[in-house]
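Letters A, B, C, D, E and F mark the chains as written, and numbering starts fresh at 1 in each.
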C-alpha cells in the first residue's frame, strides 16, 4: 500500500452541463489547462514557507493553511477558478536561528513566483490571485504581483493577499479571538486554531504556550488587528530568536478546533470574494500621455 | 548671484554644551560623521520618487514632502538624529505612461537603498529610519530595511515608514480631511495641502481637480484611511494611466495651506516619535537553537 | 468534509525503540527537525516541473513520480532519511508552446534549489540527495548540487539523480520495456506506467499515443537506454513542439500498471541505495597545496 | 520657520517670448516635462558621491560642486537644457576606511544611473549629458552612458564628463593653479577653491593641509593635469587610507575664493559648451552590414 | 625574433573552386565572416579551463586538447565549418586547492559562452557546436547551449559535447585503453596520451603517476566508460583535493604517444561527424498549441 | 601534420641559475604555478575582443596585438612576470552591425575578468597587470581591476592599461605617425602597422582605406593623441556603423611594417616598465579611521 500524498477526493466536480470539472491545474491535461485559461477562470496560487511554529506545531503551518484554504475555496467554484500548485519555500532569513526553517534569497523568491505567474499569463490567464500564508512573504509577493502586471504591459491583473487579511477573517477576528492585541502573531491563537481544524493529529496542544515578550511598538505584529497597537505602519523585523524563546509570539493556548473551523470558513469565503472581484474587474485601457 | 539649491539656514544648532551641532550628514566633515555615529544618533533617510502629480503640482511632490519632513524633524533633535541625504529616484514603472516619471528597476532600487544603509552600518550607525514619500516604494523599502537587518546579522535595527503612516498623521487624518474615502490617494487633498505649506509658489490650484474614477475595491487606495474601504489588504496595482486622466486620484481641490501645515507638523512629530522609539529600543540577543 | 491534499497515512512509523518516527520534514516541529539533522539522516529532496504529457496524462507527471518515489523510499527508512518538501516548478522553457507548462528562469531555479539545500546545511544536514523527475532539470540541478558543496566549503555532500537513472531502474529497463530505443522519452511507456501505478483515475489510456517523429541522432532521447542510440553524449534540445504533436515522444500505448509497479519498486530501491551510499560515504579531508 | 533645502531663486526665467520657463525638471508638472522633451532640450544629470574630503571640508564636496555647476549652467540656457535631479550616492568602496563615505555596489550604481537615463529616453529626451563630480564614478558612468545608447538602439546620445575635464577648466588649470603636479587630486586646491566659492561657511581653512605622500607613478592622480606625470594611462586605485592620513591628496592650502569663482565659471561654460555640442550633433544613421 | 603564439600553418586551404578558404573565424575580415555565416557553415566553439593536471602535465591540458581537436577537425572541412576562438577560462571551483586553477563563477561562465553564441547567431550562424574539454563545464555548457536555442526562439541549433563523449572516441575507448574503470578520469591515460601526441616537449612522463584512491561509487568518474561503474547517473563532485594528492585520478603511466594519436584522430572524426549531423539537421517548425 | 596553434618557441628561457624557466602560465604544471606566485612574479593578463577592422584586416586585431605584446614582453623578463592566458572575447555591442563582432554583456565581461584575477589572487599573486587591446574594454577593465583590489581587501594591486597608453608608445606617437589627429582611431595607422609587423600574410594593404567622416568633437577618438582634439574628456560612443562605412576610422593607408616594428618595441618596453613599477610598488597599510 502506498503513501500517496495527493488525495483522490474532490479533484473534480460536475459543472452545470453535467460534465466533470477538474479544479486543480496539476491534475489537468494540457488541453484542459488551455480550456481553463480560455474560459477566463482565475488562477489562485498559494504561497508560504517552512519555519518554526513553536513546540506544538509542525513547520508547515503556513503551507498547510494557505494550501488548504485555496484548495477548498477553488473546489467550490471550479467554473470560476483554478488551483495552481503552491510555491511552498519562501522568504524567512530572520528565522534561521530556529532549526527547520527554509529560506530563499529575496530576489530569487520574487523572481520564482513571478515566473510562475508569467507562465500562466503566457498561457492566457489574465487574472491571478496569490494567497500568502507567511507574513514575511508579503513585500516579496507584492513585488511578484506588480512585476507580473508590469511585464505583461498591464494585460494581466495580479493581486496578492494574506489569508488573515481578507475581509471576512478581519471581521471575524474582531469578535472570535480571546487573546488581546499581540495574541495572534505567529503560531498563535489564529494559526493554531486553523491547524487544529485541518490536521489535529499533528498538533500537541499540551506543548502550546502563551509567549508575549514585551517589545517596542515598532516590533509588534498582530495578524488580525493590524500591525501595531498604535496604528502606525512602520516596518521593522529583527531576528525572530530575539523576540521569542519557543518560536511562538501570541497565545497559542487560546486555540480551539471550533475557532479554527470558523476562521477556515471565513478565509475560504474571503478568497472566493476576491476571486469574484478580480474576475469581474474591468479597468480602463492605458493612455499614452506623451 | 548663485542658484545655490542647498539653503544655508538651520544646518546646525547649539547643543546643550553650547557647541554648534550639525544635523545634516552631508554638511559634516568625516570626523564629524564619525562622532555622530559614536554618539548613537539615529540615521534618518528620506526616500521618494519623481512622477506625475496632476496638472497642478510638480513631479517632485514625493521628494519635497519626504525630504522636508525629515529635515525639519531632525533639525529639532540634532542630539538624537542625523539627516542622511535622500534617495530621490524610486520605483514607479506603472506611471511611465505619464511624462516626467523616473523609475528604477525594482532590484536595483532595493539594493541601492540597502547599500546606503549598509554604508551607514559600516560606520557604526545601529539605528536607521527610512522615511518614504511614495506609495509604490513601500514594499521595496521594506525589503531594503530587512536586508539591512539580515546582512548586519541583527546588529542594526532598520525600519521603514511612509510619512502618511505615522501615528500622528493617521490620527489627524480622521478629523482634518474633508474628502471621503479615496480622496487622499495621489496628488490629493493630503499631498497638495503639504505642498502648499512648503512651496506654494509651485502649486497651480486653479488646475487642481477632483478625480475619482470608480474602480473595484482591490484597486482602491487611500493614504490616510488605509488601503481599501472594505478593510481587506489585497495588493493590486494596475497601470496608473488606466485609473486616472489627470494623474490625480482623490480630491485635490480640498487642499489648503492650513491643512498642509497641520499635516506637516503631525508628520514631523511622527518621525520624531519613531526616532525616539528606535533610539530607545533594546532587544534581546539572538539565540542559536541548533 | 475537507479536501485535505496531504494524506494522513504513513507520516510516521515506529522505530526500533518503539517510538514513533516522523519521516516528513514538513510534519516535524522545529525540535524534531533539529534532532533529525543531528541524527545524521539524509535529506531527500524531490524536484520536478509541470508540463504537457500528452492527451492522456496530467501535467504533474514529473511531480507525482518524483514525489511519490521519494516519499515511499524515505517512509521505509525513517532512521536514515528525511523527506524534504518538493520543489515542483522547474526549468522547461522549450515546452512553453504547450499550455500548462510552468517554467522558471534557469538561474532563478538553480538558486532556489540551492537555497533549499543551503538552508538544510545551515541546520546541520551533511548529506543531501536531490531526486529529479524532469529531464531538463538535470543540468540546473547538477549546478545546484555543486554549488551546495562549494558554498559549504565541502562540509556537505549534495548529489543529484534522475529517478530513471538509478541503477535498479536502468537494469530493469533492459528487460521490462516493450518499446524500442526512443520509446521511453517523454509521457512514454516508462512515465505512463508509473503514473498508472500511482493515480490510474487520472490516466486516459484511450488517448495514449505512440509518437516517434524521426529526428537526427543528436535530438534523440531515451530515458532508460541513455541519451542517444549511437552512444555519443551531445546535448541538444530544440523546442518541444517541433518534435511532437501530442506532447508525447515514445510509445505510451505500451504502458501497463504492472510495469509501473515494477518500475516504482525499482526506483524506490534505487533511491534507498543512494541514500545509504551517501550516508556511509567518508571522504578524505581537503588539502591546501599552496 | 522652515528649513527648505530647495531654494526658491532662479527656478525659472523668462524666455524670448516673454513666458516664464522652468529649467529644473523636478519643479515641472508632467505636461511641462513633456513639453521640455518635445522641445529637444538636453537633459543634464549631475552625479556624485559622499566621502571624506579632509578635515576642512564636508563629505558632500562632490555633490555640491557637480550639482551647483549644472544648476547654474542650465539656468543660463533654459531653452536648451533641463536640469535633472542629481544622483548623489555613488561608487567609492576604497574610501570606506573613512567615516562618512557612502558607497553603492558598482553594478547597482551603473544600473541606477542608466535607469534614470532610460526613463528620460522613454519620455522623448534624445540628448543626455551626465556631469560627474567624483573620480571613481568615471568608469561606471561611462558604462551607464554607453548602455543608454545601446539599449535605445542608438536613438539617444548619452555622454558623460567630469567637471574638471571640460575644456575651459583644463585650459584654466594650466595657468591658475599654484600647486605642482599632484596638487589637485582630492579635497585639493581645485575642489577646495570651488567649495569656498559656493559655501564658505562650511569650510574650515585652518584645518586644510598639504598632503602628498609619495607614491609610484601608477598611483598618481591629478584632476587638472591628467592622470599621471609620465603621461601613461594605467588605471590603479588602492584603498584611499593607504595613500593619505587626512583624506586629502594635494595641496588644499593653496585654495582661494577667487580661484574657486574662476573655476566655477569655467566649469559652467564647459557644461554649456557640451550641451550645445550635443544638441547640435547630427550623426549618420546606422547601417546593417549583414 | 618573435614569439608568435598563433601559428601560420593551415590557416586556410583551397576550396573546390580553387579559391583559398580560411577556416579560422579570428583570421577572417568582417566580410569574410559574413560570407561564412551566409554559406551555412557550422560554428565550432572550443571551451575548456585551466587547472592542475598532475606533476607531469601543464595546467592547459583541457584547453590544448579541445582547441587542437577542433582546429584540426575544422581545417579538414572548411566548406562546412568555422573555428570560433576558444573560451579557455571555465568552471572549476572544486580545484582551487591546487595552484594554477582559474575558475569563473557558474552564472558568469554560462552567460559568457551564451553571449559568444548569441553574437554568432546575430550574424546569421544557425548551427553551433560547442566542444568541451573540461568535465565540470558539462552542465554549464548544456545551459549555454539551451539558452542559445531558447533566446533565438528556436532559430538556432546549438549543441554541446565533450570530446571524450563523441561516438568514435567512446568506441575506441572500449579497446584501446589499458587501465581499468577509473583509469581515465583526470590527467589520466586518455588525457596524457592526447597531450603526448600534441606537445610531448611539455610532458614529464617520469612524474606521471597511477593514483586511484578508493571512493564511493557516486564519486567515481571515468571519461571513457561513463560516469559510474554501476551504471547509475548520480552527479556528485566533492573538492578535488579530497580525492587525489597529485591532482591525477586514473593511471597516467599507461599513456603513450600512439594511443594519443589514435584518440586524436577519433576525436577529430567525432567532431566532424557532429558538424555534419548539425549541418544536415532539419527540424519541423514550432507549433503554438494555445 | 598538425595545426598546433600554440607555437613551441620561446616558451621558456634559462634563468641565472642555469635552470630553464617557463614564462607562460598555461604551460606550467601546478607546482610551477605555485612557485611563480611565491616568487612574486607579476601576472600579466592580455584582454581584447573580436570585431570588424576594415576590409584589410582580420577581426582579431585587438587580440593579436595585446597577446603578442604581452607574450614578448614577459618572455624577456621571466623572473619578474608570468603571462596569463588571454581573455579574448570582450565588450563591443556598438559594433554588432558589422559581421564578425563578438560581444559579451558588460557585467558578465567585468565579472569574468575579475574572476580570472581573483583566481590568481587566491593562488598568491599580489601584482596583476591587465593589458588591453580594445578601446571599449577600458571602463569595464577598470572596474575589473578595482573590484580585484576591493575584494581582496587591498592585498592585491591590480592595474589596467591600454597598450597604446603606455609611456613609450605615447611618446613615439608624437613623432612616428604620419596621419593627423583622428588618424589613429580604429584599424588605423597604428593598429595596421602593428599587425603588419606580426602577421603580414593576413593583411591586404590594397584594401586599406583612409576614412575620417567628420563628427562632433565628443565623438572623436585618437589612440595616440588622446581622446579629443580639444582636450576635453567627455565619453560618448554612438553605434560604430554610424561613424564609418568600412569599419576603419583613421588612415590605414599610412601603415608600414617599419612603424609597426617600432610601435611593437615601444609597447613591449611600456609593458615591462609597468611590470617593474608594479613589482617594486610598496604602499602604506590601510588605516581604519573609525
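The rule we apply is simple: a residue touches a chain if its C-beta (ideal position, glycine included) is under 8 Å from a C-beta of that chain, and two chains touch if they have at least 3 such contacts.
None of the values given here were measured: they were computed from a predicted structure.
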Statement: Sorted by label, the chains bordering both subunit A and subunit F are B, C, D, E
Query: Could you give the fewest steps needed to travel from subunit B to subunit E through chains in contact?
result: 2
Statement: For the C-alpha superposition of subunit A onto subunit D, the rotation angle in degrees, rounded to the nearest 5, equals 120
Query: Once you find the CA centre of subunit A and the CA centre of subunit C, what distance in Å lies between them?
result: 27
Chain centre separation (subunit C, subunit F; CA means) in Å: 49
- request: Check each residue of subunit E and list the ones that touch at least two other chains.
  value: 30, 34, 37, 52, 98-99, 123-124, 289-290
Query: If you go through all the chains, which pairs of them touch?
result: A-B, A-C, A-D, A-E, B-C, B-D, B-F, C-E, C-F, D-E, D-F, E-F
- line: Touching subunit A in the complex, subunit E uses residues 289-290
Field: Residues of subunit A defined as touching subunit B within the complex
entry: 52, 93-94, 97-99, 106-107, 110, 136, 138-143, 145-147, 149-150, 154, 157-162, 165-167, 170-171, 213, 215-219, 230-239, 241-243, 245, 270, 274, 277-278, 280-281, 283-290
Field: subunit A partner contacts - residues on subunit C that touch it in the complex
entry: 1-11, 25-34, 37, 50-60, 63-64, 67-68, 71-72, 75, 85, 87-89, 96, 98-105, 108-109, 111-112, 115-116, 119-120, 122-124, 198-199, 201-202, 204, 247
Task: Provide the residue numbers of subunit E that touch subunit D in the complex, in ascending order.
output: 30, 34, 37, 123-124
